[in-house]
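Residue numbering begins at 1 within each chain, and the chains themselves are lettered A, B, C and D in the order written.
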Amino acid sequence: MDLSFTTEEQAFRDEVRSFLDTSLTPELAAKGAANLELTKTDMEQWHALLNAKGWLAVTWPVEHGGTGWTAVQRHIFEEECAIANAPRIVPFGLNMLGPVLIKFGSEAQQAEILPRILNGDDWWCQGYSEPGAGSDLASLKTRAVRDGDEYVINGQKTWTTLGQHADKIFCLVRTLAEGKPQRGISFVLVDLATPGIEMRPIKLLEGGHEVNEVFFTDVRVPAGNLVGEENQGWTIAKYLLTHERTNIAGVGFATRDMGKLKELTKQIKRNGQYLSEDTLFMAQVVELEADLEAMRITNLRMLQSANDGAAPGPEASMLKIKGTVIRQKINALYRSALGPHAAAMPQDAIAHDGLPAEAINAAATYFNNRKLSIFGGSNEIQRNIIANDILKG
Amino acid sequence: MDFNITDDRRMLSESLRRYLSDQYNAETRNSVAYVAPYHSPKHWQEMAELGVLSALVKEEDGGFGGTGFDINVVFEELGRALCPEPFLGSLLALQLLASFNTSKDANKEIAAIVSGEQLAAVAIYEPHAPDSLSDIATQATQAGEQWTLTGEKTAVYGGPSATLILVVAQTADGLGLFIAEPSAQVAKANIDGGGTSSMSFNNTAATCIATSAQAEIEKALDTGRLALCAEAVGTADVLLEMTIEYLKQRQQFGVVIASFQALQHRLVDMAAEVVQARSITVLAAAKLDEEDASRHVALAKNLIGRMATLVAEESTQLHGGIGMTWEYSGSHYSKRLIMLDHQLGDRFNQVNRLLKMAS
Amino acid sequence: MDLSFTTEEQAFRDEVRSFLDTSLTPELAAKGAANLELTKTDMEQWHALLNAKGWLAVTWPVEHGGTGWTAVQRHIFEEECAIANAPRIVPFGLNMLGPVLIKFGSEAQQAEILPRILNGDDWWCQGYSEPGAGSDLASLKTRAVRDGDEYVINGQKTWTTLGQHADKIFCLVRTLAEGKPQRGISFVLVDLATPGIEMRPIKLLEGGHEVNEVFFTDVRVPAGNLVGEENQGWTIAKYLLTHERTNIAGVGFATRDMGKLKELTKQIKRNGQYLSEDTLFMAQVVELEADLEAMRITNLRMLQSANDGAAPGPEASMLKIKGTVIRQKINALYRSALGPHAAAMPQDAIAHDGLPAEAINAAATYFNNRKLSIFGGSNEIQRNIIANDILKG
Amino acid sequence: MDFNITDDRRMLSESLRRYLSDQYNAETRNSVAYVAPYHSPKHWQEMAELGVLSALVKEEDGGFGGTGFDINVVFEELGRALCPEPFLGSLLALQLLASFNTSKDANKEIAAIVSGEQLAAVAIYEPHAPDSLSDIATQATQAGEQWTLTGEKTAVYGGPSATLILVVAQTADGLGLFIAEPSAQVAKANIDGGGTSSMSFNNTAATCIATSAQAEIEKALDTGRLALCAEAVGTADVLLEMTIEYLKQRQQFGVVIASFQALQHRLVDMAAEVVQARSITVLAAAKLDEEDASRHVALAKNLIGRMATLVAEESTQLHGGIGMTWEYSGSHYSKRLIMLDHQLGDRFNQVNRLLKMAS
């Protein structure tokens, strides 16, 4: 048993740090530190910096222009990026579509699309959920009907994150109405410039615009845009869910946020003393630190299994649950620390002497991150998955 | 023992509920709640005429209510409708004015507030004293007959629309109470719907109501905390109802999600806390004019803080994505419940107060 | 709205207090204060004292020798008894069988059995649960087959509380094998002296002997011992569960135990100060006090509905859940306050200077009271009941 | 990074597990655990020969283990079998003797303990200092060459069977460490299986090991806390397994109760905490010989305390009545998990220690 990283891994961490030191612009880091919304340009700029270094496609094999990193390297990279307040890599093209194309796409699709993802030519978004198909994704109703060399798509997608920036969307669509609902689903690529598509913003409770609805009316898509076989979509979706969920625990984000929380307690005063001296508040903080330190090791233990070639199992679901709950609790304590100076929406924060810049977003981040336990398979669905595994046999 | 409310209060409660549901629906609410001054003079005046404000004042001070139960009835209805109007600030001001109701001035001011002519707020907390009176730094200075105030105030509920501002400041005798216009003011809706101000006083001329008002301020704060408890009960009650309705109509996996036992049991735990929250708020209301009011209010606000967090977070989770959208009014209910714990001392602040009282 | 008791109720409370002052022996109160196990004689002595006063059958109407009290009076009586450390009234004859006989029993049964309960001639116990029928009581298997003027009973009952002291047992037995399981159940009275009955103790985890198994082998019982009609047992059992659960919240016990907990914090030292000055520990205590104060009012609100004639609904289930959880938390904090001096079993407590007498039972009481959320319809069953009610319509 | 245990440790773990399951089943356990001296010399000797005790000692001190991971391996197995033998007391004593292993005496004593010839315990806590070193009142007095001790000790784990008793007492230099026979002793099994003593010293002649040993005592306590964490992980792991098995076979309403979603989700939450508990215990073990050992041990013991309570209470509840019976061995597992939090500082004590370290 040895919890330290290997010499190679430590050298890798140093390399990541020095890259971040030199390449991450202070403007981007400052926005990250304050949890400010990033513009499209911000994100593209960061992607371009990573791409120049060859570090953009962290889940792709080298032959496709990826890093070919081990799970541990990915973990180190993600942790360092989070702590340095770097932007998140926008996952839709890089960590979702890319791996799908590499596994299921035709050579033509790979040759055409993968370089465009790396170069930032296309911004992809995701068309999975529908108003009536959330946790029960297999019940999706958006239809794609073959008509000659084309599919004609009708229906509605929702919760399409950052769709407002996107050029293209990958969709799960129903290509077969009969049989088990999982059977008749296909995975299709759609250019958002195609006639018949309308994207509408969904405003969230903290006032932000992060997700969208996408309406499809007689949208005609070349049949060559199908990925894999017709009706193979469910297999592809499951592959994505169980094999490519990098960074599911979000240890890096949690570590960064915990650091900010502890910093805040030294800046906020209550009853004539800093919050860092308030036993009740700090008791919450240290218990949460224990949870976070444990999760850090849980995550590494599971990364090692992955490195050792073990199939990802219900452990990923456990990490999802614990990871999201811990991050939400950190957000809640940060919000709570601000007392009456917390603002539900950033524009309603009242700045004053002694409040750090990121305090402005404290409550908004808390509200926005309620999504963590809802999306990507709600924590209830994860519990079902784990229970199935525990109770089988 | 009688847990039924009196006929007068039932009439008030019913007419206020009807008024809010007819005149202050979700759309109106959202258009008022997030735009300065976070207040609709027309609706305010109508509610004043309905007697909502005089229900917050005792008969001897010119109202027709003013007990804990009156406050409960009014604020529960405000909470049910998520009404953003500045009743909390008005309540604090009315309480403080009534505490010093020996002068004709106070009487006149109470009458002006109750009629809707004046709108009052109280500036108590400060950047470095967000939930305690022990570190108030705003200074009151007397030169001859003239008082001046200097300092920063935050979390002034109802500040953006107030025409009469009471200010708490240090005097040689302790915490005093003054009336003054701020030299600068920032208006926001940081508690989510409803206006809050931060205010500066910079050698600002002020009228002195009392040079030693600590006990009266504490009493007003307890009254405000009770109002927040009642508001939370109303808000949580409606949110619980909305959650139940959603679970009964939302289908996944071919069945309504209300049929999932894990969700059912969580719903029951939410419902039980709402029942408990109502109970402790009734108790705090009953005790409001007794010696151990502060303890009971602190117990209530603590339980309410826990209940509000549980109900808000669980409701969002049980709704899934829809519960996070601006368009769905349930999301505003959960947002308000979360922010409400931040006002006048949160769950942990109440614990600290209780431990101090016990020692 | 008025939370104070009426003048009559206050006078009643005074009367109860003065009765307890004069009649509750110091020996019994001391045992109650220390949570010590009561002997059969202790309990009989207390019953006799109450019976002499006419206060033993608190749930019976006056015409059968009961008090005829309102729900509020019962509440006051029970609260005062708990606070005075009086023994509990053993419920099996008085609060369970008695009301059943008054509602469903024949005149002969009433005339014969009720006075014997009051006088302490018979100690009754309960034969409901079976090894395979706990939460799912309707699946019980103990058979009673009619044979001439007798029923012949075969089967096994379990969790029979204080059965070791009992002379008689009332049982739910299966009299019909077909149809819905609820249909074929009957309610039968059995003399424990009948041949073929064996009672075996069940030792609990804290070492106590409170419950028993009862085995029936060809036990012959007069047909006249049937209560109500044959196959009416489920109706009777439900009546008992929903109509006669007095004191389900246990507010009196919780109040007494909370008082002891707060007392203890002034006697135990940690880190050179009394526990009453320990912020973290006392924060648990005051939050629990808030829960208890709320439950006190919740209970009164529901008592008022009962007094006003409302049918007992899911409120009783809510009180059961909150009441048991609050009592268990008080027990847990009391145990936890003792640090390394808590003993899982009373005989293993190590007395020392500064520990109050009842500390000896702290952990045992905690362990024993885990039953509160299990018996009388587990808290999970209660949640099902409430959910049904909330979601209906 | 490598989370696999070494071959040596795997062999020890496997042989200890096999030994305990063959020789120390539930019946044997219960017959030893609750009857003074709560110790079976025969089994103890056999486990010493298996190398269990020398695995707790570093090579330089005459053992073949002694790292955090060795302690984890041993105590997890003890926890799995609910073994009541006095390993905790022995571990504390071995740690302390090794800290002062400059003398030949200490070396000899370690060897005697490791071989099973001597059985050692450490008397630290007191009636009014149940979980802190700051209020130790037992006094050590020197007259010429002779030391004497006077005071009361409680919570001496392994005391009832100990032949060598180390005692912590105040000296002019701080907390010192001594060897002495108590003048009176009460032996109990208050932590549920396994012996504990309270001891009196009344001008008792003592041998001085060190007059200033505070740091070494703290270090030994941290080692003991780690051992308790590992024990809890083993105990909880088995209890979780038993609970799963029970839910899969217990039928109610015509189905196995494992099919109820509300129970499934609670089971998952228990399982997640057991995974987390194992992780933090691994971390604390890895840090045991580093500077921030105390912090990591405190974090671990805190999380373990919460996990143990959750798993014990939920397991009892999910079992229903059967989980409360003496006959069902799961009930002893939950009882042990609850009592374990009481040893060497509970969940809240660890929080207080962490806050002190941070300030």
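The rule we apply is simple: a residue touches a chain if its C-beta (ideal position, glycine included) is under 8 Å from a C-beta of that chain, and two chains touch if they have at least 3 such contacts.
Predicted, not measured: the structure shown is a model, and the values here were computed from it.
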item: Higher-contact pair (C-beta pairs counted), B-C versus A-B; value: A-B
item: Distance-maximising chain from chain A - centres being C-alpha averages; value: C
item: Whole-Å gap between the CA centroids of chain A and chain D; value: 42
item: Chain centre separation in whole Å, for chain B relative to chain A (CA means); value: 38
item: Distance between chain centroids, defined by C-alpha means - chain A, chain C (Å); value: 53
item: Where chain A touches two or more other chains at once, by residue number; value: 279-280, 283, 380, 383
item: Residues within chain B bordering two or more other chains; value: 260-262, 264-265, 348, 351-352
item: Chain C contact footprint on chain B (complex, rising order); value: 1-6, 9, 69, 244, 247-248, 258, 261, 264-265, 267-269, 271-272, 275-277, 279-280, 282-283, 285-286, 296, 299-300, 302-303, 306, 348, 351-352, 354-355, 358-359
item: For the chain C and chain A complex, residues of the former touching the latter; value: 279-280, 283
item: Complex contact set, residues of chain B against chain D; value: 260-262, 264-265
item: Complex contact set, residues of chain C against chain D; value: 129, 132-136, 139, 158-159, 202-207, 211, 268-272, 278, 280-281, 332, 335-336, 338-345, 347-350, 352-355, 363, 366-367, 370-371, 373-375, 378-380, 383
item: Chain D contact footprint on chain A (complex, rising order); value: 1-6, 9, 72, 276-277, 279, 282-283, 286-287, 289-291, 293-298, 300-301, 304, 315, 318, 321-322, 380, 383-384, 386-387, 390-391
